[in-house]
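Following this message is one structure expressed as structure tokens.
Labels run A, B, C and D following the written order; every chain starts at residue 1.
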């Protein structure tokens, strides 16, 4: 299960996707929108992807996780508006023994954050929205795509 | 949520127990009975606890996880018979940022395995059952408590 | 024997199974160290003279050391190497 | 200008928002390097002459380097520092 989705993520379904009778340990990372960033209240994040390449990169990361850790792996990232408190990304990895499952899951989320072409925009309570994409003047007042 | 239970563990409920609006990352470890150990097929594990001290140790580990990692933490361990493929233990930890969530969850399961007075008995397809408690002559033929 | 005290011994895992019960009562002299309880168990439970490697002890639901002295009514738990998870 | 080729430029995040559209067509000489696409964007999108720090490029849905030469019909994606997760 390697997916971009506009629907809420079912973390239990992502975890279930890595079940394997020979694997005794599964580690699931759930990344959730925090209600605060840079001391301002956040009501939601909005995620946008370069979908064609993002899916390819997620598949490539999954393949690396399988090869390096012998893990079963599942990655789901949400796009569009994600309300504070909801998961934006879930990464699950299972392996025969637990240390590799921790390493595999950690590798998956670290690589995702490093190289998958997805961007977030922070939406504040007053309607201000700020892209997190390395550009300084990226604050836009009000609205924006959902 | 710090518990010993004879019922199947709902990993999603354990994960939900560490949700916190200020915590952006949650890591959940799910330990599952593997269908194989020492090259023999395993149909189930049976867990037994010294319940009074096991609960105290779990509470102590949770308190250490909170103090060391600033984490919210939940630990549920199942007792009695656990069929192959079902979770025997779930540890969840959430923190503001993800590296600490991985470390907190890992610390929780490592400490649990090290010091909580719980023992497993491996039940094989032919009815043989072997306690994993450091004694050599611990294989008992057939049956045993459920 | 007069002057002896009764102590409850909790058994788990293969010790419980060997005993057929999850607790026994043993009679010891007051002040006997926790670690001496082993030698008071029936031979059928011990399966040898030496305590198993890695055996630890709890006294009244808290970890203790083998040298702790026993009092009347104490509950000692014999804790073999654990295997939860 | 004759001899020019049309190249599609995909825009994301603050670049997309500044442009008001998620893709533009630019006309360049054949063989123009991918990294030169930036200077062909409208000033309103660029907001300055220099490409943003950390800008990377994809060509027809694969990562590429700024020196890769453009052909007619190519699609270039301008990839600002990512922030998924």
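As a convention for this text, a contact is a pair of C-beta atoms (placed from the backbone, for glycine too) under 8 Å apart; a residue touches a chain by one contact, two chains touch by 3 or more.
Model, not experiment: these values are computed from the prediction.
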{"item": "Mutual neighbours - chains that touch chain B and chain D alike", "value": "A"}
{"item": "Reference chain B; chain at largest CA-centroid distance", "value": "D"}
{"item": "Geometric centre distance via CA averages, chain C-chain A, whole Å", "value": "51"}
{"item": "Rounded Å distance between chain A and chain D, as computed from the means of their C-alpha atoms", "value": "26"}
{"item": "Length of the line joining the C-alpha centres of chain A and chain B, rounded to whole Å", "value": "26"}
{"item": "Chain B residues counted as touching two or more neighbouring chains", "value": "31, 109"}
{"item": "Residues within chain D bordering two or more other chains", "value": "none"}
{"item": "Each pair of chains that touches, named by its two labels", "value": "A-B, A-D, B-C"}
{"item": "Complex contacts: residues of chain D adjacent to chain A", "value": "10, 12-17, 47, 52-54, 58, 61-63, 77, 79-85"}
{"item": "Touching residues on chain A, where the partner in the complex is chain D", "value": "31, 47-50, 52-54, 56, 77, 88-89, 109, 112-121, 131-135, 137-138, 140, 144"}
{"item": "Chain A contact footprint on chain B (complex, rising order)", "value": "11-12, 15, 19, 21-36, 84-85, 94, 96, 98, 101-102, 105-106, 109"}
